Structure formats: structure tokens, C-alpha cells
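Each structure below is given as C-alpha cells.
You will see subunit A twice below: alongside subunit B first, and alongside subunit C after that.
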Partner chain A sequence: MTYAIETRGVCRRLGKRFEIRDLNLGIPGGSIYGFLGPNGAGKTTTIRLILAQLRAQEGEITVLGESIPASIHRVLLRVGFVPERPHLYPGLTVDETLDYHSAFYPTWDGGRAENLVRGFGLDRSLRVARLSKGETGQLMVVLALAQTPELLVLDEATEGLDPVVRREILEALVDYVSQQDATVFISSHLVHELERVCDWIGFMDDGLMVADMPIKDFKEGIKRLRVVGAPATLEDPPFVLLSREAGDGVTEAELWVVRGWEAPMKSYVEGVGATLREVIDLDLEEGFVELLRTARAPKQ
Partner chain B sequence: MFRVILYTQWKWTRLALLPGVIIAFSLPVLSVQRAGELGYAAWVLQSVGGWAVWFPALAAALGLLMAVTAWREDHRGGHVYALSLPIERWRYALFRFAAGAVLLAAPIVALWVGSLVATAAAPIPPTLRAYPNTLALRFGLAALVAYGVFFAISAGSARTAAFVLGGVAALIAFDVLLQAAGAELSVSREVWAWLTRTPGPMTVFTGRWMLIDV
Partner chain C sequence: MFEHLDPRSPIPLYDQIATRIRSAVAAAELAPGDVLPSVRQLAKRLRVNPATVVQAYRELEREGFVEMRQGAGTFVREVGGARRKQARSEQAKRLVRALLKEAARVGLDGDEIAGALQRELGGTA
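Our next item is the complex of A and B:
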């Protein structure tokens, strides 16, 4: 598998209280990768590392096959970026912003920009400072898509926008990806929003990657199991045991959260002398919450 | 690329640049307006000399204005936009610097034209000479030096600016302590003398800024 973004052992400390630890990330080329995590998890820091706006203290980063930060300027020609906070010059009009931005990109597609501006209903003569939050978000997406990027990086790009604008932006993204076979790396904490468009997801919490998989596997394979009588250590389980919590005193059943679960694996559980009481399905949001809860639980 | 950077800088500075151009044109005209009434060379020199301080002051002010506005919008956005553009940082800074320098040409040319108009209109006593080209050239150099210094300071973070201001404050505080201890040495005076001594970096700001001189 070729990766549009790959990080290996990346570490970055920010202040005394937060650090990205041993970040290993692989964003498959051509995927729409949802990067989930609560506020303060390290999603924006990760994006800043990937785009060389921050330097990693350890580890290696590769974007579109090129090493970061050494080749960042070549890479940025092929990357469309929509940051968390509007970053455009407020004194310029929409038209002037398009003109300014296009000067930096030889691959600029004026026709696409025109169609998107018209589709979003943006007033070209308005200054950026006078645009609403939704319009600013739309303009940033226009700029990113008209660059004809191979990789789109969106950092909470639809945060705080109304559902109609959010949907328009996501539709524009999906439309672009279907035409260009581009990779999209989109960070958010709006789980349902990503569930509709993503084919891969990664979860981050407190500077650590908690899980990373195709969304199909996540939806189908993540289960919560109630198990009684399991030994302290499991040898070669056929599933990934994400977390294991002891019973709460009222029930003896342990709670396991597992990935890659399939029904025949019940025999493995029974084979180690345990009894499987219940298998509970989790949707994406529940799975996300469960992963966070277990990631944050004190280790036994 | 340079075209759009120049355009943005023009848009950000034009309202402040316009009064600068008007003042730069007016200063030489105002400095010689009483030359005809005074008649005597010594009085003319005294009158013109009274305006001399405003030329370097205007050059410094314009340099500061252009430098601050060159970076203001990027500072406001935390430099996220500039850093996400596919251009090397040094090249981006060079284009921003060059754009400011190009725009500084407007008040420099205005001062030159103003000087030419002033010297053409004012009766100059036979023992004196007009120096419109020299004054404009000197003004241009001073504006560019001021612009360069302030550009370098404002290109950095707020922390850089704090370091520079902190350094100046520490120098002054040290001088106060030296004087309290009865020492005759003044470090800040020595530093200023070094900066302005020929061929110091600030020499262009010192000396006589006279449109009409002997």
C-alpha cells in the first residue's frame, strides 16, 4: 500500500503539559481519512507537523513520497490546506484573494474556482473580513480545491458551520475526490460527519494514536464483550484486544473492547477457559467514545 | 508572485502612504518658503536648517510604517497562510521587503520633485547652492536603512521585538546605574556614537540635511 502521509516515531513536545508521542501514521493514497479525537488531543499539532509548520523533535515524516520538512515547498504545491481558523487576509476581497492565492500555484484551475464560487454563492467583491463564518470556510475550500491538489488536509474545517454549509463543503470535497483520485486527510471531532464520507479513520487522544483502520473494519469489527473467568494473560488472540476492564464488583464479567471480532472467535474465548456472556455492537460514535474511555482508563 | 505581494502591500499601506507622499513633497517647499523674505544667506541657512530635523524623522517614520505594515497581516494570522504557501520563507521575506522598498519610492520621488520645485521657485542668495538631488538621495537611503532595520525587527515574533526593546531598556537602566555610581561612562551614548559614526550603519541620519547650503 502506498501512503500519501506517513509518520514514523514522531515526537514533539509543546510546553510542559502536552506532547505527541511516537506517532506512527499511515494515510493510504486515494483514501478519505477521518482523523478523530477530542479537543486538545493533538490533531492540529499533528497537521502542523505534517505541513512543517512545526518541527518534529524525533521521527520521520513523508508526504506524497517526499521527506518533510526538507521538501516542504515542493510538497505544498501538491497540497491543499484548510486550517482550523480562517487565515486569509481580511482586507482583501474574495476576488483579490483568489488572484493572490492563484499566483502561487501553477496548477491553479480558474474554471473550477469560478464554478465553486458560483456554486457556493460567494460575492466576489466582498472583503474577507465581511464574510460570514460559513462563507469564509467555503472560500478556503475553493482555494484548496482550485489548486488541483493531490492531497487535501482539512483541520476542523467545518467546525462551527451550519449543517447546510457543512454538507455543501463535504459534497464539494467528495465530488473533487471522485474526479481527481486525491487523498483527503480531514480532522474533526464531529464523528457522524466523518462517518458519512470517510473510508479510513484514526483516533487520537492526548498525543497518542489510539487506533487506525478502514472504517468498514471499525464498524464491523469493534465490539464490546462481556467475559467471565478469563485468564490474566491471553496467548495469541485472533482479535486485537484494545482494552480490558475488570468487573465493577456487582458483576464478575470483565469488559473487553476488541477489534477484528468475528463470531467464530467465540471458540477461542471458550478455549482459554472463559465464558462469553455478551457481544455488543458499537456504532462509530460509541466506538469512538469507548476507545477514548479505555485509552484514558488507568492501566491494570 | 511578486506582483500579488506588491499589490497586497499597496492595499495595506496606501492610506498611510498617501499622507507620507504629501508630506515628503511639502517638506522641501516649506523649508524654503521664507528664503525670499530673509534675503541674507545666514538667515536663509538658519531658516532652512530649522526644517532639517524633519527629513530624517520622516524617513524613519516611513521606514517604520512600511516595515510594520509589511508583516502586520501575517502576524495577525499567526503566519499560517504564508507558511502554507509553496514558497521558501527567505523568498517570501525577500518579496515582502522588495514590495515595501518599491512603495517607498513614491515618497522618495515626491521629496525629490518637491525639492526641485522648491529650489526652482525660491530665490537663493548667490553665496548658497541648492542640493535637491543630494537631499533626495540621502532621504531615500535613510528611508531604506530605517525600513531595513524595522523590517528585520518586525519580521520576527513578538518575542524578538521584546528582546530588542528589552536590550534598549537594559542599556538605559545600566547607564542610570553607572551615573548613580558616579561613573562618567555612558554605554548608550557610546553605542549611539558607534552607530552614527562614519561609516556606522546610521550615519545617514546624522549631519546636515539642508536643501540649501553653502
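Our next item is the complex of A and C:
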């Protein structure tokens, strides 16, 4: 598999504290990769390392086959970036902003910019300072897509925007990748939004990757089980037991959250003398919460 | 037609999309020769990964419901009465399975469900 973004053993420390620890990422080319994690997990720091806005103390980073930070200037011509905080000149109008940006990119597509501006209903003569938060977000997306990037990096780009604007932005992204063979790396904590559109997901917590896999594998493999009569310790379970707790306080059933579950494993549960009452599917958000809970539980 | 897509469901989105189209063909809502939305149009409308739409269309093509013509689009094929009937019965089976799963969860057995079903259908039980 070729990776649009690859990191190996990347560490970044700030003073004594690790911001990023031993980061090994592989973003498959052509994927829409959802980069999830709570606020403060290190998502923005990771993105800034990838785009050479910060330097790693250890490790290697490759973006679109080029080494970072050495080749960042070449790479940036092929990468569209929508940062968490827009950096635009407030005194320029929408039109002037487009003109200004187009000068940097040989692959600039004026027609696409035009269509997007019309689609979003942006007023071209308005100064950036007068744009609403939603319009500013839309303009950032226009700038990123008009440069015809091979890789799009969005850092909480729809954060704090209203649902209508968020939807329009996602539609524009989907429309772009249907035409261009591009990779999208999108960080967010709005899990539901990514559930529709991503084919890969990575979870980060406290500077560490907690999971990284096709979304299909994640959703198929993580389950909540209702179990009755299990022994206190389990010998060599074929799945990863993420958590185990007394059920609802009314029935005797315990609730287990497991990873790597497959239907035949029922026989293991029965083999230890327990009864499997129910296998409950978790959606991405529930799975995410369970993973975090486990990652954060004190080690015994 | 795609109002009830549920990204949170464990049923993959491509499967949900394929099921909707299959049902529409079975119910003759889609007629032979009808053209399906392009991958780009449908992906944008549903805000799903274009690869998901492609996967759904490929699945339907493999099953003989549609034909993908390079550059022209995806067309509904003539589906025989037997095939349509089979698609409808698959749909019914899926609904019943979901019902039985829910029933097992709350501890109802097959007889109780069958009885309730008959009463709801207006039969005698």
C-alpha cells in the first residue's frame, strides 16, 4: 500500500512532557481518514508536525513520498490545508483573497473556485473581516480545493460551525474526491459526522495512537456483550476485553466491551461456564468512548 | 429513497444503499432502463465516501440488478418476476430477523411473537 502520509517513531516533547509519543501513522493513498480524539489529545500537534510547522525531536515523516521537513516547500504545493484557526487577511475581499492565493499554486483551478463560491453563496465583494464564522470556514475550503490538492488536511475545520454550513462543506469535500483521486486527512471530535464519510479511522489520546484501522473493521469488531455466570478471571480469551462491569444493577448480567469479536467466540464464553445473553453493536462514538476509557484506566 | 440511511448502524453503508435500490427495483419503483444517479451525485447527496457508492453499484451489478456502462452511467436491468419475488422475500426475512433479535433481547419466544403477529394481521390465534 502506498501512504499519502507516513510517520515512524515520531516524538515531540515540550519540556519534560511528551506531546506526541512514538507516533506511527500510515494514511493510505486515496482514503478519507478520520483522525479522532478528544480535545488536547495531540491531533493539532500531529498535523503541525506533518506540515512542518513544528519539528519532531525524533522519527521520520513522509508526505506524498517526500521527506518532511526537508521537502516541505515542494509538498505544500500539493497539499490543501484548512487549519483550525483561519489565517486570512481581513482587509482583502473574497475576490482579492482568491486572486492572492491563486498566485501561489500552479494547479489553481479558477473554475472550481468560482463554482464553490457560487455554491456556498459567498459575496465576492465582501471583506474577509465582515464574513461570518461559517462563511470564513467556507472560504477556507474554497481556497484549499481550488488549488487541486492531492492531499487535503482539515484540522477541526467544521468546529463551531452550524449544521447547514458543516453539511455544505462535507458535500463539497465528497464532490471533490469523487472527481479527483485525492486523500483526505480530517481531524475532528464530531464523530457522527465522520462516520458517514470516512473509510479509515485513527484514534489518538494523550499523544498516543489508540487505534488505527478501516472503519469497517472497527465497527465489526467492537461489541458490548451481556454475559451471565462468568468466572472472575478469564484464561486466554480470543478477544480483547476492554472493560467488564456489573450490568444495570437490576439483572445479574455483566456487561463486557470486547474488541476483535467474531461470532464463533461464543463457544469460548460457553466453555468457561458462562451464558452469552446478547451481542450488542456499538456505533463509532460508543466504540470511541469505550476505547478511551480503557486507554485511560490505571494499569494494574 | 435513501431517507433512512443510518451511518450508526452496524450494517455497512454500501449494503444499506444497495438494499434500498434492490427494494425499489422489486417494488417496481425503478423500471428497467432507468438511470441511477452518478457516483458523484449520490455521494454528494448522501455525504458518503464515493467508494461506498461504487461498492453498492458493483454489488448490484454482480447480482444482475443494474448494469454499469462505462462513461454512460448505471442502468436498471430487466429483472424477472422470480428474481423480484426473491428480493421481496429477502426483504421480509431481514425484517423478521430484526424483530426476532429484539424479541430475544427482551426474552420473548417464537410462539409469543407468532401469536402477536397473527393477531396484528387480523387472523385468529
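Assume the second predicted complex is superposed on the first by the 245 of 300 C-alpha atoms of A that agree within 3 Å, B and C clash if a C-alpha of one lies under 4 Å from a C-alpha of the other, contacts with A are read in each partner's own complex, and residues count from 1 in each chain.
To be clear about the criterion, contacts are C-beta pairs under 8 Å (C-beta built on N, C-alpha and C of every residue); 3 or more make two chains touch, one makes a residue touch a chain.
Here the structure is a predicted model, which means the values were calculated and not measured.
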Would you check which partner chain A:Leu77 touches, where first means subunit B only, second means subunit C only, and both and neither mean what they say?
first
Go through the superposed model and pick first if A:Asp175 touches only subunit B, second if only subunit C, both, or neither.
second
Could you look at A:Lys219 and tell me whether it touches subunit B, subunit C, both or neither (first, second, both, neither)?
second
On the A-aligned overlay, A:Ala103 touches which partner chain: subunit B = first, subunit C = second, or both, or neither?
first
On the A-aligned overlay, A:Arg196 touches which partner chain: subunit B = first, subunit C = second, or both, or neither?
second
Using the touch definition from the top, say if A:Ile32 reaches subunit B (first), subunit C (second), both or neither.
second
In the superposed arrangement, does A:Leu92 touch subunit B (first), subunit C (second), both or neither?
first
For subunit A, which residues belong to both interfaces, subunit B and subunit C?
none
Spell out the part of subunit B that touches subunit A in their complex, as residue ranges.
1, 3-4, 7-8, 11-12, 73, 76-78, 80-81, 83-88
Under the stated contact criterion, what part of subunit A meets subunit C in this complex?
32, 167, 170-171, 174-175, 177-179, 192, 195-199, 216, 219-220, 278, 281, 283-285
Parts of subunit A lying in touch with subunit B, wherever the complex brings them together:
51-53, 73-77, 81, 83, 85, 87-92, 96, 99-100, 103-105
Please name which positions on subunit C make contact with subunit A in the complex.
7-10, 12-13, 39-40, 43-52, 104-105
